[in-house]
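A, B, C and D are the chain letters, set down in written order, and residue numbers restart from 1 in every chain.
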Amino acid sequence: MVVVMEEGATSAQVERVVAHLEQMGFAVHRSLGAKRMVLGVVGECPRADPDIVQLFDGVQEVVQVSEPYKLASRAFRPQGTIVTLDDVRIGGDEVIVMAGPCSAESEEQVHASAAAVRRAGAKVLRGGAFKPRSSPYSFQGLGEEGLRMLRDAAGAQNMKLVSEVMDTSQIDTLARYADILQVGARNMQNFSLLRELGKIRKPVLLKRGIAATIEEWLLSAEYLLGGGNMDVILCERGIRTFETYTRNTLDICAIPIVKKLSHLPIFVDPSHGTGRRDKVAPMARAAVAAGADGLIIEVHVDPDRALSDGAQSLFPSQFDRLMAELRTIAPAIGRSICVEPVARRGWGRE
Amino acid sequence: MVVVMEEGATSAQVERVVAHLEQMGFAVHRSLGAKRMVLGVVGECPRADPDIVQLFDGVQEVVQVSEPYKLASRAFRPQGTIVTLDDVRIGGDEVIVMAGPCSAESEEQVHASAAAVRRAGAKVLRGGAFKPRSSPYSFQGLGEEGLRMLRDAAGAQNMKLVSEVMDTSQIDTLARYADILQVGARNMQNFSLLRELGKIRKPVLLKRGIAATIEEWLLSAEYLLGGGNMDVILCERGIRTFETYTRNTLDICAIPIVKKLSHLPIFVDPSHGTGRRDKVAPMARAAVAAGADGLIIEVHVDPDRALSDGAQSLFPSQFDRLMAELRTIAPAIGRSICVEPVARRGWGRE
Amino acid sequence: MVVVMEEGATSAQVERVVAHLEQMGFAVHRSLGAKRMVLGVVGECPRADPDIVQLFDGVQEVVQVSEPYKLASRAFRPQGTIVTLDDVRIGGDEVIVMAGPCSAESEEQVHASAAAVRRAGAKVLRGGAFKPRSSPYSFQGLGEEGLRMLRDAAGAQNMKLVSEVMDTSQIDTLARYADILQVGARNMQNFSLLRELGKIRKPVLLKRGIAATIEEWLLSAEYLLGGGNMDVILCERGIRTFETYTRNTLDICAIPIVKKLSHLPIFVDPSHGTGRRDKVAPMARAAVAAGADGLIIEVHVDPDRALSDGAQSLFPSQFDRLMAELRTIAPAIGRSICVEPVARRGWGRE
Amino acid sequence: MVVVMEEGATSAQVERVVAHLEQMGFAVHRSLGAKRMVLGVVGECPRADPDIVQLFDGVQEVVQVSEPYKLASRAFRPQGTIVTLDDVRIGGDEVIVMAGPCSAESEEQVHASAAAVRRAGAKVLRGGAFKPRSSPYSFQGLGEEGLRMLRDAAGAQNMKLVSEVMDTSQIDTLARYADILQVGARNMQNFSLLRELGKIRKPVLLKRGIAATIEEWLLSAEYLLGGGNMDVILCERGIRTFETYTRNTLDICAIPIVKKLSHLPIFVDPSHGTGRRDKVAPMARAAVAAGADGLIIEVHVDPDRALSDGAQSLFPSQFDRLMAELRTIAPAIGRSICVEPVARRGWGRE
């Protein structure tokens, strides 16, 4: 911490600040400039509150000089984290695509969607069984029955499965069916949930809250990492701004920022990030071009009849075209993306 | 819902939209203007997604014509809700002040704070035992032991107690000690928690999320009301904007807006809403002048040593002065505020 | 400036930064902490760009330790500025109210509006003749003819006149008719206009841009003050946020913030700040309670027929009631507000 | 316009609204649904203010059903606008890159920068001579002398020149030297300036204001188009949000949105849009992947000594690498980008 005193600060004021800091357990170095005193404050006192120092008479500014997160920092693991699920390596050279319906609705909808996205090159099936909805009157998901459908479809397509957990009470159920547990944007600061997920040994996809700074997002990741779960995947999905044409403003620049600050893989969700089907492909291309490690995209075999988020779900044919475009873009930055249609490699079964 | 077709929309396009809407269960009235068709869509189909209609060819705009919340709407209870806890009537003519330390830290800190705020006119003691913190390295609260201290102090001062619940697993504990359960800003869309709190019969103070629109906030209240818990108190505590001088931008205008849209009492938290001690009193005065039903304010007998949020806690003497100012302001809009210092009425014991 | 080096920064990296700073003309003090080097950078080099220092290898953070504005800073004039126009003292104990129609539309509309607001206690007439409008198809104002009407009405009511200047080419005309020249929110960073207004000797009311930080706002005031025009009045009128219920979010907390940072009087415009008539009075009360030096309010004798901004204009009877409420609130913070209806003191003529 | 009445609206209330609308010159169609009346309002009354209708008793909501801009709308010119400057076609299949220093500083800096960006494939030279700066103490540009340097350098490299105009008084000077006149973000709603620029016959590059919605941006374009200047190029350069890691949040999604709503070419400025050199290339790639018609990028031969914006300027070698990456990405969406290094085609001279 650096404490900058005001120009006219008295030495009594300086000494009161120093005394307070030393009492908290810090060491303080005084540095007198031409016009003002600057205090270098050294030590680790997690409970100290810099906002209080700010309020002492004579203090002009208090500056934090280290990031408040440690395990999530790139300094902790400079080479970058790769989350490995059998042959799916998240955070490596290959851009990984997770795709599927917003919610599981029926056996056949789930299977048809999984087959379609698998054929186009997706390696992870996405799909919700417990749905957080702003309104209590909206469809809330099929629950465990939906999870079972998703697991079956993922198995049939040789895909991994990611699905959202909303509450500590759902963790066990989710962990039985899914390979990756997703924490939604609204739960990014549900610290009880994060603490419990830090104890399990399944990867967690942590979405950014719509009003969360990148620093707060990495602090939430720190809750998971601190619990011992090092397989954390970050996912940008749009922040709330004054622009209302789209539901959110997808912060593409978060990709290179996170890449610099942290060793964790960073994904982008262009479906929730825009809320409009015709904006999904441009933003998916932008995300890969900016260096994203992967995408999570909603695809529905009949989006106009989807029970949730149909307006942002791609038709399978749109998803096919998008995957082809991404295969052209990825090499521009030294990445690949499931180079050959999967079916030809004999993974799919349809 | 009103669906406005584009100027050049073909009748085939119109009919496809009508067919879709009728299949969802709506009745549709066609209204042909000079240049375009407007469809009036009537009926209740909670699962219908207007965003999908937006994507049909030929559709220019889809307009929702009713608020998505019902029980929280002022139309549901035009006279306004009064939450009654013995002689404390929240939402009536009297402006109710809740005050106390951010967190319970020790027996004596809690008792001294309670006595100080009671003397100045506060009728409800506030204080946290389970603390949501952005960083896992910050003080996380004393847990149930803190609740016990708060309950004792409230009892000794003949005050009611409000305290925060972070998780469904804490509801029982909180309900044993507190009179009002607070849902923090970060949990405003923790729908699992809201659903459980809808089942209990204790008032809930629901803080607005830092990125929540007023509509989303009222929809979250709807989760509580829909579960049968009609004693909901809303609390504005600042929204996130580009301005960084204060931690948040306290949206004072939310007070008259909520008063118009809903029957629920509306409080303001100027402590979290500004994050800076010297801004608390001006914003508390502004809130009462704008028509708030109450305030929740952090007061600490020794703020500079507080384990959390000390920078925004008032000294007891500052709180006294503020209460005196509020007593001048409240009558301007036909409100009162604990007119006589409580001690003289024999409630306090010190 | 304080430059904080990274933990592992080499001494070669430190010396490159020092060399760069010294070449810019700064003196540099090295201060070695337990883990990292902190550089205290002293001197005045207005052309130096701290963002560049940020990019040197080994630099963790660069902190500006003085506000970038000087003449607008409270330190420059601790006692506060009072802008005096005959017997109207802006920034003193009395809260000054400026009121009138959004635009001058006709002789009788202007005179009737002026008489109405004068009777209720307003001392300055507001009214636009040149209107900035988002759409080229909206009413753009009556121009100089409108100014003449406003000047006549102000004279007849013994009021001062404030009106908006949009462009350097309009300054002479405005200065001939108005006592105070208003710079609108969209022009807050029109530096050509600010530079010219710094040269005249009429007070300027400088509105905050809808996306301007308080620091940027004070820097814009610095353009005026630096030109020698010390009669600057700041005016908060709402910032743009994600909340769309009102046109803008009126940042009431800007009042105490500006009061602390600057010596300039601070006004609030609750009409543009909310855009809705029924929200004007609550926000006007809030502004006075928070310590505003004055208000600028739209009042129209027939708002439903106004050519611009009718939706946010008060009826004269609403304005009367508001003024009465403000007279109760102002004393709570040691302020007054035109205590007796003006007519009784013989100022008005009808 | 569609006016939705409240559920319990009386017929007297309905008739008052109808009378008001008819008096404004509209035709009104009544449409009675199951629960409420919906009024279809037809006609063109640019001075009518829908916000006033909103305030009538019994009105629930007023919906505008046409965009307020006309000439900027894609419907006006469905095939898209191509701005042609000799062999430079802006808005066609080729992605056009404008590059150069933030400000002209010296003869040699300008020439060296122009040569460097030309070699890499830029076809338009960018550079400022009049600089809008938040602080009056920052470097304000070389004025006409800077323009002359830029013109010379552009000529020597066979490039077009774009430079910023800040004020109506500068238009003539700018038009003498530059091929494209740039309107900066802070002037996007300087309507006096826009009106004058509508009268000239040089292309205008109109940057988006940092708090401007896309609709407001297109309305500002409408001022230019309405004056008869059809050669308007839009440029996204970042909006202001709560995230402070970068100076602005570059709204990449504005690209496909503008493409759908308007026929005007859309550029992106990743330099001002991020403010940090290491984020420029990822965002430039993202912009092209999302469908931008061009880029405007700051490149400086010695960024660390630049008098303005050095922190966001690329080194020439970084720009070379970026252009190579863009050549891989553009074909993914059927675009090209100055396929061969220009020097080989004999355009450059060094």
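As a convention for this text, a contact is a pair of C-beta atoms (placed from the backbone, for glycine too) under 8 Å apart; a residue touches a chain by one contact, two chains touch by 3 or more.
Since the model is a prediction, treat every value here as computed from it, not as a measurement.
Chemist: Which chain has its C-alpha centroid at the greatest distance from the C-alpha centroid of subunit B?
Modeler: Of all the other chains, the one whose centre lies farthest from subunit B is D.
Chemist: So using the touch definition from the top, which pair is joined by more C-beta contacts, A-D or B-D?
Modeler: A-D
Chemist: With chain centres defined as C-alpha means, what is the inter-centre distance between subunit C and subunit D in Å?
Modeler: 28
Chemist: Where the centres are mean C-alpha positions, what is the separation of subunit A from subunit D, in Å?
Modeler: Distance between chain centres: 31 Å.
Chemist: What's the distance between the Cα centroids of subunit B and subunit D, rounded to whole Å?
Modeler: 40
Chemist: Got the subunit D residues that touch at least 2 other chains?
Modeler: Correct list: 211, 240-242, 244, 278.
Chemist: Inside the complex, what are the residues of subunit A that reach subunit D?
Modeler: Interface residues on the subunit A side: 211, 213-215, 239, 241-246, 249-257, 260, 273-274, 278-279, 282-283, 285-291, 325-326, 328-329, 331-333.
Chemist: In the complex formed with subunit A, which residues of subunit C make contact?
Modeler: Counting only subunit C, the residues touching subunit A are 2, 4, 7, 27, 29, 31, 33-36, 38, 40, 42-43, 60-61, 63, 65-66, 75, 240-242, 244.
Chemist: Show me the residue ranges of subunit C that touch subunit D in the complex, using the header's touch definition.
Modeler: Checking each residue of subunit C against subunit D gives 20, 46-47, 49, 51-52, 54-55, 68-69, 132-139, 166-170, 186-187, 189-193, 209-211, 216, 219-220, 222-223, 226, 240, 275-278, 303-304, 306-312.
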